[in-house]
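Going by the order they are written in, the chains are A, B, C, D, E and F; count residues from 1 in each one.
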Amino acid sequence: MTDLVTFGETMLRLSPPQQERLETADQYDVHIAGAESNVAVAAQRLGLDTAWLSKLPNSPVGRRVTGELRRHGVTVEVSWDDSDDGRQGTYYLEQGDVPRGNDVIYDRAGASITTLATGEVPEGLVEDADALHTSGITPALSDRVETTTADLLERANDAGTTTCFDLNYRSKLWSHAEARSVVTELFPDIDVLVVAQRDAEQVLGRTGDALDVAASLTADHGFDVTVVTRGADGVVAATADDEYVQGSFEASDAHPVGSGDSFVGGFLSQYLTTGSVPEGLEWGAATAALKRSVPGDIAVVSPSEVRELIEGETAAISR
Amino acid sequence: MTDLVTFGETMLRLSPPQQERLETADQYDVHIAGAESNVAVAAQRLGLDTAWLSKLPNSPVGRRVTGELRRHGVTVEVSWDDSDDGRQGTYYLEQGDVPRGNDVIYDRAGASITTLATGEVPEGLVEDADALHTSGITPALSDRVETTTADLLERANDAGTTTCFDLNYRSKLWSHAEARSVVTELFPDIDVLVVAQRDAEQVLGRTGDALDVAASLTADHGFDVTVVTRGADGVVAATADDEYVQGSFEASDAHPVGSGDSFVGGFLSQYLTTGSVPEGLEWGAATAALKRSVPGDIAVVSPSEVRELIEGETAAISR
Amino acid sequence: MTDLVTFGETMLRLSPPQQERLETADQYDVHIAGAESNVAVAAQRLGLDTAWLSKLPNSPVGRRVTGELRRHGVTVEVSWDDSDDGRQGTYYLEQGDVPRGNDVIYDRAGASITTLATGEVPEGLVEDADALHTSGITPALSDRVETTTADLLERANDAGTTTCFDLNYRSKLWSHAEARSVVTELFPDIDVLVVAQRDAEQVLGRTGDALDVAASLTADHGFDVTVVTRGADGVVAATADDEYVQGSFEASDAHPVGSGDSFVGGFLSQYLTTGSVPEGLEWGAATAALKRSVPGDIAVVSPSEVRELIEGETAAISR
Amino acid sequence: MTDLVTFGETMLRLSPPQQERLETADQYDVHIAGAESNVAVAAQRLGLDTAWLSKLPNSPVGRRVTGELRRHGVTVEVSWDDSDDGRQGTYYLEQGDVPRGNDVIYDRAGASITTLATGEVPEGLVEDADALHTSGITPALSDRVETTTADLLERANDAGTTTCFDLNYRSKLWSHAEARSVVTELFPDIDVLVVAQRDAEQVLGRTGDALDVAASLTADHGFDVTVVTRGADGVVAATADDEYVQGSFEASDAHPVGSGDSFVGGFLSQYLTTGSVPEGLEWGAATAALKRSVPGDIAVVSPSEVRELIEGETAAISR
Amino acid sequence: MTDLVTFGETMLRLSPPQQERLETADQYDVHIAGAESNVAVAAQRLGLDTAWLSKLPNSPVGRRVTGELRRHGVTVEVSWDDSDDGRQGTYYLEQGDVPRGNDVIYDRAGASITTLATGEVPEGLVEDADALHTSGITPALSDRVETTTADLLERANDAGTTTCFDLNYRSKLWSHAEARSVVTELFPDIDVLVVAQRDAEQVLGRTGDALDVAASLTADHGFDVTVVTRGADGVVAATADDEYVQGSFEASDAHPVGSGDSFVGGFLSQYLTTGSVPEGLEWGAATAALKRSVPGDIAVVSPSEVRELIEGETAAISR
Amino acid sequence: MTDLVTFGETMLRLSPPQQERLETADQYDVHIAGAESNVAVAAQRLGLDTAWLSKLPNSPVGRRVTGELRRHGVTVEVSWDDSDDGRQGTYYLEQGDVPRGNDVIYDRAGASITTLATGEVPEGLVEDADALHTSGITPALSDRVETTTADLLERANDAGTTTCFDLNYRSKLWSHAEARSVVTELFPDIDVLVVAQRDAEQVLGRTGDALDVAASLTADHGFDVTVVTRGADGVVAATADDEYVQGSFEASDAHPVGSGDSFVGGFLSQYLTTGSVPEGLEWGAATAALKRSVPGDIAVVSPSEVRELIEGETAAISR
């Protein structure tokens, strides 16, 4: 049985080596990148049996995505798009340095996943899993996928599958108002909400102390747990009965992209198996920290590395 | 005054290094590639004063295209697309080896150029030039661009600007019938036609000997000259009065992409300045051959290299 | 159910880029390489559901091997070696050019697989598969693995699983006499034998016409089919009733390493599903030819590429 | 009309990748580098219409320089040296790390520019421009170029073209005394002086507070404005009537080479268009800071990046 | 005459570029690495005439080691292993970032050097040298090499050759107890002991203040000098009569591997020529600091760089 | 004792990777290249004890040259140039493909070696060697070096050291007439002459059959042996008594630069030890052929590779 199914788009990420610029570099590094597949990879590497659900063009570039995910052990549940119009979503990432920030150019409009209908999802995939995870990016991709997202969350909920949702607001995909309208429609089918404090404020209108935000979201929507992330300030969480605070681990600034998804993957790897929120938060924070030292979007980490970081073992070379 | 304006789309070309595969390579080489800008670069490097007309997203990736063209001396006449929807057309090129062929995946739908209206073209740009060149790819991009192409050819014709058209059929953009319908509408405004023998047959329905095809096209449509290309078998051409045959130069198989456009650039560099068809054919063939030894889509060659090849100088190292 | 289980060692292959030399290159390309995993990847990519059985050190380097195989869809059945002594077998490959040949330096002694005992193999893995494949390299690795190989072939045979064996003589592992003694012991449990003509002569003492060699091996040992490979001269095969000849496809000299294994993978992809020997030979030959254009040991090819090659479609660029 | 002409030498810069050493690296990154062309590129990218005046060998290496400058939009006014003796100036740059500093080895003696005579400069180039910029490096290259520099500054001055001069002392080209003697001869024709505080002291003998140095230089030589740069401590400037202080922006240590020239380019982009010294200083400081995050000698930056830095927008990823 | 002979194993070091991971990188950088050859290179580059004694497989990979050492001027005294079993020791190094540490995987078992017998060492090599250096790694490699180490130290001692020993405990090679037993047997033949404070405690059981540890070791074993290293806290040393303290120089964290050996090489370059312990410590500390900015295991530094660092010259670019 | 001293300039060679162009490549591969050091390396690797005599700037770039030569075992006898004016000669090499030839741009004027006086050469270096080798490039570098060359050849001759001279005409250094005048002055001190047939004709005025040219040169100048090289057509040689013909081995076109020097190195490795001209020719031809498969200017080959090629062993992979 699958422990965790994640659902969303995975793009090709094209980025100049080192600090080179998109305008002038002669080579681009190629990675794959998708919020939900990032979660799947992190969770799989940390012990869960995960699957990733999506739609891709049937091409070498589409197969690159699935190959890279399978490499990390994730089961791939892809609806292959053989149409002439289906395309592979891509994004350009330029990694900056002080004072030049990272620059992102999305080129994801019309990607194959925007046509994914509920009927293309295998029967039982979601129902037979322990948990289903998706993010606010997915329903923002197209009206069709918004419907599919709602359908799958409902099917999961009906089947007793734990549902996890990372709000993950993307200003280049929709407005705050659109996001609020759609995601609050989904809330009744959601068990675990992860939301950045800024998104809680701007999309959901929840201001104030992070713990209060978490507690009120849990209370208002009946979530099992709400996790509010605060970047370098760590994360907090609230269930109906308890509140939790987890600091962040010291980490490099070199490869921040994907660390939020790595948090979710680390969190779920424990929360789904032990039911413990604080253990989940600790594993999430450690996984996110380790990710920041790894090039690409994906947390190429191992359970022992997470465990050693939590246990505070030194980084001295063992030889 | 500009000698030659070329008009069309230029894409980003992403290709794995050496013989690596798109599915597994970790880096892609980045080049720019467009039939008409390839012509502009070749002609500019061989002595003409050229400009390239197009529309691009106002982004680092769009500026990469213009930067690369300016590097070779081409004047850039670009309508910058500041909309959120404008995208940079791309294509993936995998370079094969025997028996694996080259593989091309276009990802050009919805590129900024598809919205280019005649009104966005600077007054006088086409009228004040000696010549205007475009290809059959351009009107195939969108209805809007089809109209713009027709408008520009008409304006050029009215102004006495020599018009050159490379039929350049792309099966991934339109059918033979669609192509025939559109390009024959353009023929009255065209002075110089370049067409591959296969396209002459499949699109224009002209079968038989290449010289006869060239002669009949010239006769039927009143072209100043028709050039029929035959790959490694060389090219032929026909004016109302004369016929010409030009063999191909021995050349590497390493980098064939763009050699057809290099032929046109080399041809125009002479034809537009001397009026001599055979000199044009000879320079075109030599430029195309040199291109095949140069990575990327663009003929990074010099007039002296073309001249030496034509004069048969040896390739021995001079030191 | 698994269609095909392959069993053997997979090494890390370290090779200088291009034609650089091992002695002076500052970087080595890293690939994975193993006769039996090469077969598994080719067969999986061409449609079979395959698994690979082996033993590896529990380290990032060992995980590199499994990750790369999973990327191509192969199921990994690995006994992880947590001992301090287990090591990852490696080999250095220097790719030459005329007149300098390829150079291979093995560094595989004491690899984890040399300790793999029959008891470490999951119950049913071999028995429940359609087919089991291994090569003469495997029993040559250690006495322990020789026993394990014999056990698995016997278990497969008893369970009605088709057994395939590629003799694949390696002079750096054992002598002709040792090889002959061991492999002929295994022959009673083998259904399909693949053997290079040179090995048939030097190891098995079978001289003369390749078809005769194939026919006599089939007759003497009761194989379902014997395939005799002859490099650029193609392959022949003999069943009890028929003989088959398959020429080789024209192919590059660039990346020959692994083409023999690609042949086997292509052959089995058809033979195991259709039962047709000539179809198997044709797919094997086409897969091997395509492999020769692909860097690394592994046939990163698709069924459509194989089919197009067989059907003689041109290598012209489709665009 | 050209807004700004800059005049000087541009070298090929050869540097080992990352922190590799010149003595042992197997590849060198190739950039172009020249104080005055660096200024031209920065100013052009920030909105001015610039030209660069120099002399280069007529070779692929010389054309590399012009191609790279044209890429950024700079108009190239080059006297091509067809003599056998003309060479392309080069320099080796090794990028260090603490405690190893950057190492520079010039190999610029006898470069083509050392023979550039006033008569080779197109009529009107300097006279018709808004401004002319050069640095103390240029007259130090050869006696011939010293004369040419004086001639051009005088012609500019006579024509009412604003003249800008960055003292830019290079100990490997001349002594403090030689520099002082030559540049003070040029001062009467100079409107804007940029000078590092250390050079003001060591070459011009001006000690004390930076603002006082700027004010006294302005007063003594009748400059429109004197800018004194102080590295990480920012810059100050003095006109006859006012004094200005501009701090530096926080910036990476990764790519400091060329940041001084980027300051000048940013400064002129505003000063020449608005006449405002403080706006010029602010744009200069921001451009210099951004440059420090960009590999190579050249400020590959955009006006919006400069504006965002000045307006203090966060470096968070926008997506 | 040779100033210094060092004796030990040199491995091939395979490391992914930048912060890539061993599990996923497609290329590994190749360096050579050996504690004693690192010492030899540093000392040779800083002025001594050094030789390195070892045993290597007679292969391109073995010759890579000697070629790299000769490049730095070290004389190579190698017993070439022509057996089939001799292998080149290797190690995998993954360079981390916060919070991910460096990761080392040794693959050195059965390397050719483990079979090096005293009889294979040229007569007079050790006796005619000024000094012999080895480390605690060497006797840990095999029983055979333990004997050879003891023999050579004895021969050196008898001949009046100064003997230097860096304890250099490696937990992957032996236990604390084994190390203590073997190295204390060697102590009577040792003149100069270098030991990390942690090893002094864990292997030799010396706790307390570093100076006291150094002094008591000198007193108890009659060493000429004992040097106790303390990482970023600097080093201390004690002779029978004096005690010395040397701080560390500020240095990058980028390339720490090999800095300890660089300290020893820098120390010996002065101690062996001037007899001065404090000068040795200062050169050692400066060499170690410079090493940390240089990729690979080897201190590619020059005497002038060491001298400038000691004299506190600024790291500003000289041009 | 040294078997062979070679004397000449070694440059840094800068070449774009693969078939990239000098004008546009972003990285250049760095090699060292000098006719006489190429000979030294080949001869050293094939068994002689060689030294290389030259003058270099005392810089990291100069040390790169010596380091690379020492790597191959050559003893370096360099006069280090500490002047500010001494520079490292360089050359740019662009590797072409059909129909684009290789392109060479020398940048060697004023290199340190042009100031090398006889007095800087260590006493006995030439006198105590078995043989001295230089080429026609060396006296063409400067008047000073012309004198030094004559002095050294005379000293060698007087001391009974065998002298070898490869005429090696370089049109970019001097005219045919200048070359003829200088080298014929040197002939009385030369024992072994190597000359390309084209140079024999153009510089020495010897036309006709290659064997006749060799014989007449031997007869007229009293050489021990004259070798006339004819590229792919092989070589011939004549002593006073005998004539020899040696064909060329089939070889790649990939890396021809340096193959002539490799021939001389291979020739001398045998001729100087066995006295046999035909063995020398055979080793020379085989070494030159192997060189053509090795990137860079230097023959990174081994005696066993040469022997296997001569003995006609197959290039099949041994494993």
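The rule is simple: contacts are C-beta pairs under 8 Å (C-beta built on N, C-alpha and C of every residue); 3 or more make two chains touch, one makes a residue touch a chain.
The model shown is predicted, which means the values in this text are computed figures rather than measured ones.
Among the remaining chains, those touching chain A as well as chain E are C, D.
Greatest Cα centroid separation from chain F: this falls to A. On a Cα centroid basis, the chain most remote from chain B in this structure is E. Counting the residue numbers used at the interface between chain B and chain C, under half appear in both copies, so the two copies meet with largely different residues. A straight line joining the Cα centres of chain B and chain D is 39 Å long. Taking each chain's centre as the mean of its C-alpha atoms, chain B lies 62 Å from chain E.
Contact of a single residue of chain E with at least two other chains is seen at positions 18, 21, 23-24, 26, 67, 71, 103, 172. Residue ranges on chain F touching chain E, taken from their complex, read 67-68, 70-73. Taken in their complex, chain A has these residues touching chain E: 18, 71, 249-252, 254-255, 289-290, 292-295, 300, 305, 309, 314-319. Interface residues of chain C facing chain E in the complex, by the touch rule stated above, are 14, 17, 21-30, 59-61, 63-64, 67, 84-85, 87-88, 90, 92, 94, 103, 105, 107, 109-110, 172. Remark: chain C residues 18-21, 23-24, 96-104, 106, 170-172, 256-257 touch chain F in the complex.
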